[in-house]
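These are the structures, in structure tokens.
Below are two complexes that have subunit A in common, paired first with subunit B and then with subunit C.
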Partner chain A sequence: MTRPTLYMLALAAGMFAMAPWIINAAPNEATMGLVYKIYFFHMPSAWMFLISALVAGVASARFLFFKKATADGWAVAAAELTVLFGSFTLVTGPLWARKAWGVWWQWDPRLTSSLVLFLMFVAYLLLRRFGGPGSDKLGAGMAIFSMFNVVFVWVSVNYWRTIHPPTTVVPTLPVEMGIPLWYCVTAFTLLYIVLLRLRARLEHQRTRVDALYLAEES
Partner chain B sequence: MRRLREMPGRLKAASIGVMLGLLLFASPNVNAQPQPPKDFVAVDETAPGEQIPAIPLVATAYGFIWVVLMGYVWSLGRRLRKVEGELAELESRRKPPFAEATGCK
Partner chain C sequence: MSAFFRIVWIVVKKDITVEVRSLELLSTTIFFAITVVLMFSFGLVVEGRAVPDVAPAILWIAIAFSGTLALGRTFERERQNDTLRALLLAPADRPAIYVGKLTGILLLLALVELVLVPLVGLLFNAPIFAHPARLALALMAGSVGFCAVGTLFAAMLVRARSRDVLLPIMLYPMTVPVMIAGVRGTAALLQPEPELAIAQFWLALLATFDVVFLTLALWTFDPVMTD
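Entry: the complex of A and B
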């Protein structure tokens, strides 16, 4: 692990350790009460979910169209993190909805498009794991295609009728709610960068191991 | 209504009787149905039995993220150590021993 990665990991871990106190200090919301505090981890998870899907798509495009071999490692790393942060989003969302909406799940545009994006990246990982030779290129095409779903997830709350809060909620938050939110966004971003670097390193080292085995055989 | 007009007198009387009887029989059930509220009454607190508790939901959400994150970091570290160990072994196998490479004894 490089020194900047180690520092970032330590900082992210420290921020996560402090997060419960900072979130606890935030006031309750008028209609939702305490349960809205799920938002402080739900929203940054959702952002990382979408950003990671974009990273996977861009890295796959670099691999597919510009023949950058290392870009494939970044794409696999980002795809795995898309599934990780997607699972956070899709688990914390229904827990919040149970109290706020009275139901665990609604087939509304935001929730459905998020689930579809998550399933696309699960399919990508399954393809990379069990697809055999050629799955890297097929997977890259799939990641590029999946990346465009991010746009639908993002605009879904603003263009279609939905019970999910719109994206305009974030800039209108009162300061005492905005501080814990941006604190958590920073912690999640740092953690995402660290995990992406480590996971990409794992993939690059695997490629080197495979190359060495092939060299040994030949 | 046309059918009722075309009915013989006795049958017509019987039909009307049955309908009136049904109405009379059904009226207590109609009255027994809950009435829609005429106005909303404000209360300071909802009855505890009617509330969905927030604390278990919040705790589950944060707990899930913490546990899965720790599990993922642990799994990533384990996979990295394994692959780097394998890589070190392969590279050491490829490199000729120092004495052999330099010709020193």
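Entry: the complex of A and C
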């Protein structure tokens, strides 16, 4: 682990340890009371989910069109993190929805497209795991297709009438709610960067070991 | 441009010739599609009466299943004697080869749909002749979207391990938007009183997905098929 990664990890760990107090200090919302506070974890993980899918798509495009060999390692790392943060999003969302909407799940465009994006990256990981030789290119093609769903997830709440709150809610939040939100966004971003770097490094080392092993054999 | 379509036509003609000589894909896929619809009707026709409004969903599920089967088999045929490599080595535009394979599969799927639609109409009491032109348009647009992604993925998977299971795993999540638009659009057309405005909306959306998927597939086919 490089030194900057270590510092970021320590900072992220400290921020997550402090998070319960910061979130506790935020006022309750008028209609939903305490329940809305799951939003402080739901929204940052949803952001990391979407950003990670974009990172995977862009890295795959670099790998496929510009033949950047190391880009594949970044794509794999980002794809795994998409699934990880996607699961956070898809678990915290229904927990809130149960109280706010009275149901766990609704087939509305935002929820459907998020679930589909999540499934696409699960499929990507399955392909990488079981596809055998050549699955790096295949996966890259697939990640580029998946990336375009991110746009769909993002605009879906603003374009269609859905029951999911639109993205325009964020700037209108009062300061007491805004501070814990941006605090959590920072903590999640730090965690994301640390995990991405570590996982990509692992993947790069794995490819190098594979290459050395092949060179040794032949 | 004419060179492009000439290659497309040559690839299509090759696939048609191979298929006409054996009829292997057409007969097995049609029979598979029929059995899928029958399985659904055993489950969903209760006391001689079909559960209402299930026809569009069953139609599209049957199309997706038989489409997957046809895609897998088409490229399995190209794999056996490594003919796909020969095809790719030909001095021809890669996108033209892709469009040729896509057209072949679409023709096959169109024939399957010619059997599927009346069968679903018969077993689930769907008024398929209320707006035949629009229904055909919806089926065509949906099949293009589904097969545009499917042809690319099946071609990519030719060299991969466990491709039989990986094709549906990759293809179904990717084509969910097409399936949703197809089912909703067809459902609007198959209502006792067809809702044409709604059908129009979903058709337009299907056309959008077609354009996006086709562009992406043409764009990525060349690099992913290069060794």
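We adopt the following convention: the second predicted complex is superposed on the first by the 218 of 218 C-alpha atoms of A that agree within 3 Å, B and C clash if a C-alpha of one lies under 4 Å from a C-alpha of the other, contacts with A are read in each partner's own complex, and residues count from 1 in each chain.
To be clear about the criterion, contacts are C-beta pairs under 8 Å (C-beta built on N, C-alpha and C of every residue); 3 or more make two chains touch, one makes a residue touch a chain.
What you see is a predicted model, and the numbers here were worked out from it, not measured in a lab.
Once chain A of one complex is fitted onto chain A of the other, the partner contacts of A:L34 are limited to subunit B, with no touch recorded for subunit C. Legend: residue contacts after superposition of the two complexes on their common chain; A:Q205 is shown touching subunit B, with no touch to subunit C.
In the superposition on chain A, A:F145 contacts subunit C only, with no contact to subunit B. Here subunit B and subunit C are compared by how many residues of subunit A each touches, and B touches more.
In the superposition on chain A, A:K99 contacts subunit B only, with no contact to subunit C.
By the touch criterion defined above, A:V116 lies against subunit C but remains apart from subunit B after alignment on the C-alpha atoms of chain A. By the touch criterion defined above, A:F88 lies against subunit B but remains apart from subunit C after alignment on the C-alpha atoms of chain A. Judged by the touch definition given at the top, the superposed model places A:L127 against subunit C, while subunit B stays out of reach. By the document's definition of touching, of the two partners only subunit C reaches A:L64; subunit B does not. Residue overlap on subunit A between the subunit B contacts of one complex and the subunit C contacts of the other is empty. The part of subunit A that touches subunit C in the complex is made up of residues 64-65, 112, 116, 119-120, 122-124, 126-127, 130-135, 137-138, 140-142, 144-146, 148, 152. Only residues 16, 20, 33-35, 37-38, 41-42, 45, 84, 87-88, 91-92, 95-96, 98-99, 102, 191, 195, 198-199, 201-202, 205-206, 208-209, 212-213, 215-216 of subunit A touch subunit B when the two sit together in their complex. For subunit B in complex with subunit A, the touching residues are 52, 54-55, 57-58, 60-62, 64-66, 68-69, 72-73, 76, 79-80, 83-84, 86-87, 90-91, 93-94. Chain contact summary for the complex, subunit C toward subunit A: residues 149, 152-153, 156-157, 159-162, 166, 169-170, 173-174, 176-177, 180, 212-213, 216, 220, 223-224.
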